[in-house]
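Look for chain A in each of the two complexes below; its partner is chain B in the first and chain C in the second.
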Partner chain A sequence: MATNSALQRRNKRAPGILQMVLSPVVSLLSALFQGVIYIIDFVMKPLQDRLGVRGMAYVFVLPNLLIFGIFILLPMLLNFYYAFTGGTQLFPQNRPFVGLDNLTTLFTCDNFLDPNSCRDDLFWRAVFNTLGYVTLQVGTMVVLSLITAMVLNAKIVARGFFRSVFFYPVLLSPVVVALIWKWILQQNGLLNGLLVSLGGESVSFLTNAAWAQTWVIVISVWAQMGFFTLILLAGLQSIPGEYYEAAAIDGASRWQSFRSVTLPLLMPTMLVVLVLALIRAVQVFDQVFPFTGGGPGTATQYMVQYIYQTGFANQTKEYGLAAAASLVMAMFLLILTTLQLRLGRSSDAA
Partner chain B sequence: MKRFVVFFALALMLVGVLAVHAQDPVELRITWYDDGNEGTVLRDILDRFEAENPDIRVVVDTVAYNTILEQLPLQVEAGEGPDMARVTNFDAFKGFYLDLRSYLEDTDYWEASFAPAVLAALRSGEDDADALYGFPNQFTVTGPYINRTLFEQAGIDVPSDSMDAVTWEEWTDAAKQVAEATGTQYAIAMDRSGHRFAGPAFSEGAILFADDGSVTIDTPGFRTMAELFVQWHTEGITPAEVWIGSGGSYAAAADYFINGQLVMYMAGSWQIGRFANDIGDAFDWEAVPNPSGPGGSTGMPGGTMMVAFAETEHPAEVARVMDYLVQVDNLKEFTERTLFIPAHLGLGELNFQTDVVAAQNALNVFAAEVPKLSDQAYELQFGGKAFAINNPIRDRLTQVLTGELSLEDALARAQQDVDDALAAASQ
Partner chain C sequence: MRTVLSFLTRTRGSKRLHITDLLTYAYLLLGTVIMFGPVIWLVMSSFKPQAELVRFPPRFLPYRQETATVVGYDEPLQLFTVTMEDGTTRTLAQVRRVGIEAQMIDPASPDEIIRVNINQRTPVEEVYFGLENYTEGINRFNFWQYFRNSLVVTIASTLLTLLINSMAAFALSKYKFRGRDAVLMITISTLMVPVSVILIPVFLVITEVGWNNNLLGIIVPAAATPTGVFLLRQYMLTIPDELLDSARIDGASEWRIYLQIILPLARPALAVLAIFSVMWRWNDFLWPLIVLSRSELFTLQVGLNSFQGELQVQWNLILAMTVLTLLPITFVFAFLQRYITTGIATTGMK
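Here is the complex of A and B:
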């Protein structure tokens, strides 16, 4: 009723011309809409008559299923097929079947802890580099994200500003991040220029393996931390204040309050963060490749880059070997995802 | 009557649309990369071609050199490649080239204008022994450049001024002394490329190819050069970022030389144009003969080829463009303006278009290097196995420089990589 009277008042204020212009447009849109509905109805009604209401569910799922099938399932099946073929031909029909040869090449090692003893030393270097990166990067990032989230959750000056500042790097393209840091860290870069101007000596940040590995971790933590901080911040804000009040009444110190209230209640969120960070770390490539190219030597060459190099960048394109390495990586990611699902379920049950 | 008029009008419209489309020129695409001003010169020549052939429009897509090496082979194999391209990795496209013979008016001219071994580098074997897939628009020779001004400032004689044969070891010592005396950041550098390393290795006596065609990486000559190269890095007289800091890609050290931070630079004739433009006469730079050793004084031959791909929808038009570019006047203009060594055998006297005396001299020095190129060098470049050899040499040597592998292990790994690549390619 109130709406009608408001419309009447508006009509009194905007008579004539506006109504004359809008009326045909509205009519046209309405006709178009009805036309579309008619076409959909024309197609769907016979389908529903034929398939029944239950069957229509599959019709609605079909577009998504097609996209999934073409862009995810088919490449997965092709990857599986390629892993058991050899040669350098691109198209599946031209590739000879070689059975388990590619996997055998990857897993032939005298000592699995020494890449130099392996048939494909580059694969195992990539595996160990990835394991080292995942351990250090995820550990550092989760701890720093938690600390940052707690600071940003406290009543500090310019809290909104600092929340934006920490989240800003997440918005940057990984390639942009890599190039900016490369300019800063290269031999004649900004940081070395600063060091030399202060009387120091330039440091081989990108040509020394230890330095390069360290900077790769530092930069990826810097670039991704905001995302995980945001998730943890949301987790912290979902903890009811009454718990802290009760703990304070019981005489709990800050540390006791953190250990007995914050940490247990934040644990489900922490697990999500941990598993997401792990999966992302295993897939590291886009930021590191333009930053170090995998160097110096193979010090920052991780599994995805090994797959890319073997399958696409080398002059001899060994798609089979690359596909076999992809399978190995997929198994690893599958384990992590299963872990995430199980932890999710157990935390839900708790 | 009304129906007839409507039908007639519609028919007229259809004819009009078809006529408009019929006048649309055929669009051809060339994937191209630049070392210097080649793209500009090519465009000028193509503009003339388009003026004379209004039914064809040629679009040049200029990309980074690494795109030619890494992405173009995939594009072409997937059937998504351009109509033509400028390539250096001839082996990567074998089986995908367009045989131009049936579209060319004068195939004899093509055959007579270029060295048979160069045209054969695009062919796969006996089945296509006479095919014409493209033409070389540039011949290159690898060799070193020096910054003579730094030698003069240091008061040290340029070794090649007084000696006919200077070894790599002697050049290294001289460059090191100059760098120390003048406070120059680096003494010596080489592009990150197996192709670049191969010339010096051959000079030191490396024998990659046996008579039966088998490949052996670990020979005394190869080791000698590899040890010297490692020494450059351990002594810190070469910019580590070129080989160690470039991941798995090709990298040039040209910027260090252009900026006066380098005494001696192992590159090749394709840099002349860039140096003429970017250095000019800012300091005295020159090309010097390839250093000598037990294997002679050899660089590596090379060059770029203009090739056509079989997937093109317009083979006849592609052949017309190629035939235009290959004509003497156009190749002569391309060579004179880009300051390249010509691959065409009949261009006559060339008038290189540069006021920079150093560029003229460098062209003469590199031209004099051509007869000295060894059989091993030709075999590596045009024998069909470069794709399997160059990158393993580059990447495994890098692992020695970073301490990941001993030289012994690196040579064994390089051999394994070469064997694997050749085996995979033969499957």
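Here is the complex of A and C:
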């Protein structure tokens, strides 16, 4: 209890200290700001006289649009060009047109369920690894986030504190997350220490394929679930309390009121969470690369790592193949988003 | 005491401490251990010397062996608790070890050498938070260089994001101009295209502009965040148009309106976006990994990743550097967690 109230007091005091330190800085900055406004006005006023008030809207939107155009829209188109050209040259003018060769390379398989029978077996391993990862990671994470959000939504002591606890790992960088867990899962690390002192045997977690795949999922759930918990918590808090009271008056049990009040009303939020989680899971790379490097063997190599290796890390840089794989991944993402949007619309209509 | 107890057990009205409440707190407790435990373990480990790190099973607190300076010996001698033949125990300092025999002396009377079997002695240890890993790590790891790069990238990119996103949001929320819907559509579509799908063409654009191996190559492409435009636009829509009209009647130019009315009023939304942008850019990994190949340009994340690759065994330094990398973001969280959590809950962005 004492620590809890101390925590609250500290939370209240923190902005005060911050303000005290910052206030001279702020007044200096605002003086500077006035000067800048004067200069900008001096430069922009003639422009506004030329373009008119509405014309200025284009000026405002231009920088953002320019960056969008150059670094997102143009690359989207260029990606197709790369996918249909070959060679190891980066500059487009040096790349020979090869038609569907890259896609054929990716999609030549005797049996699509067996990566070993494919011409580019690494790609198919990455695809299957990604599929497995996406299913298990998103499934586990959404369920755990929902449970956590419901627990945090109950009348509990120190809710703010526990909310922060679950959220904190979200802020950690993927490399830091990977190193924290790599250290714990070492051969003579904490987890093996606990296992041995409980009478078990130590396990080489990161050199065994199944274990490595499991731990990749565990650490990404650990690092991301706080974010989804927060969104679900906001969704839960927007459900009016009267609904639960009405359910209680009708004699509904906790499970019944969960099934017929919470779940249906939380559905829109759940869909948002699912889409976001799926989109992020398909792109898994950041935590895994420093964690296992894709190993052991190719057990934790996912699609983004395939693209990274093929296009950037390998000795021969096969940009065309990597771009073709990017297209496949983009299709994945497109299908997922449209599917979820459809589901969302039909559940709204129901 | 009774009030504290009744407060702690105050739940769900009629009944005290229902079984679900126990489960709730058990869940929260377990969650706290799982979420915070790994980070605390990392911090504890970072203070341990190499010898303590390879100890198995590991211990929670960092220990080091106590030493004593004895007259006649230049180096401090390690202290042991020795069980003598008659069953008594004495604290002795070890002079040297020959095979299974240790030559010990009593620090009080350093002339007499006592020979004991090495199995009869146990080291005298004290809890010691050593900073050697940190000081050595900072030198070996080139910490300040990476830190400076990360800082430059984070600050420059965040300022650029705030400026161009707010300009675009202003235009999209307060003007009716031809092409506005097209701009909105482009912004929405870029929301769906993550950088991992267009890695190769963006790399080409960066190379053409001459930003390969240049911090600008990470600062600029990421600056035009679609989430930022949407967040700010939603917020600016709530600012009444009358305010702008009356400013126009007073002769203010459009830039003056943007700088002196819109920006100050949109401060809460700008603050949320600033916090997020700092988090995104500080933690970025995949794109910097591709753009930066000269080590003096590495950001902390890329540097940390390559450091752990080359020094596979020197965990003591890696751990200390990991702690230093997560410290800044932890401070940001400690001060601003309220804004972060409400920001996510209301906008659902990350």
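What we mean here is this: the second predicted complex is superposed on the first by the 268 of 350 C-alpha atoms of A that agree within 3 Å, B and C clash if a C-alpha of one lies under 4 Å from a C-alpha of the other, contacts with A are read in each partner's own complex, and residues count from 1 in each chain.
Assume a contact is a pair of C-beta atoms (placed from the backbone, for glycine too) under 8 Å apart; a residue touches a chain by one contact, two chains touch by 3 or more.
In this text, all values refer to a predicted model and were calculated from it rather than measured experimentally.
*Asks:* According to the stated criteria, A:G35 is in contact with first (chain B), second (chain C), both, or neither; which is it?
*Replies:* Neither partner.
*Asks:* According to the stated criteria, A:A299 is in contact with first (chain B), second (chain C), both, or neither; which is it?
*Replies:* So A:A299 only meets chain B here.
*Asks:* Which partner does A:T88 reach: the first (chain B), the second (chain C), both, or neither?
*Replies:* A:T88 contacts chain B only, not chain C.
*Asks:* In this superposed model, does chain C or chain B come into contact with more residues of chain A?
*Replies:* C
*Asks:* Quick check on the superposed pair: does A:P46 touch chain B, chain C, both, or neither? Answer first, second, both or neither.
*Replies:* neither
*Asks:* So, does A:Q315 touch the first partner chain B, the second partner chain C, both, or neither?
*Replies:* first
*Asks:* In the superposed arrangement, does A:T207 touch chain B (first), chain C (second), both or neither?
*Replies:* first
*Asks:* On the A-aligned overlay, A:G99 touches which partner chain: chain B = first, chain C = second, or both, or neither?
*Replies:* neither
*Asks:* A:P264 contacts which: chain B (first), chain C (second), both, neither?
*Replies:* After superposing on A, A:P264 lies clear of both chain B and chain C.
*Asks:* Could you say whether A:A234 touches chain B, chain C, both of them, or neither, answering first, second, both or neither?
*Replies:* A:A234: touches chain C, not chain B.
*Asks:* On chain A, which stretch or stretches are contacted by chain B in one complex as well as by chain C in the other?
*Replies:* Residues common to the chain A contacts of chain C and of chain B are 90, 186, 289, 312, listed in rising order.
*Asks:* Touching residues of chain A toward chain B in the complex: what are they?
*Replies:* The touching residues are 86-88, 90, 96, 98, 116, 121, 125, 186-187, 204, 206-207, 209, 289, 292-299, 301, 309, 312-318.
*Asks:* Residues of chain C touching chain A in their complex?
*Replies:* Going by the criterion above, the answer is residues 4, 7-8, 11-12, 20-21, 24-25, 27-28, 31-32, 34-36, 38-39, 41-42, 45, 54-58, 163-165, 167-168, 170-172, 175-177, 180, 183, 186-187, 190, 192-194, 196-205, 207-208, 220-221, 223-224, 226, 229, 248, 253-256, 258-260, 279, 282-283, 285-286, 289-290, 300-301, 304-305, 308, 315, 318-319, 322, 325-326, 329-330, 332-335, 337-338, 340-341, 344-346, 348, 350.
*Asks:* Can you name the residues of chain A that touch chain C in the complex?
*Replies:* Touching chain C: residues 1, 11, 14, 18, 33, 36-37, 40-41, 44-45, 48, 53-54, 56-58, 60-61, 63-65, 67-68, 70-79, 81-82, 90-92, 147-148, 151, 154-157, 162-176, 179-184, 186, 188-190, 192-194, 196-197, 222, 226-227, 230-231, 233-234, 254, 272, 276, 279, 283, 285-286, 289-290, 304, 307-308, 311-312, 319, 322-323, 326, 329-330, 333-334, 337 of chain A.
*Asks:* Enumerate the contact residues on chain B facing chain A in the complex.
*Replies:* Residues 69-70, 73-74, 77-78, 89, 91-92, 239-241, 244-249, 387-388, 390-391, 398-399, 401-405, 409, 413, 420-421, 424-425, 427.
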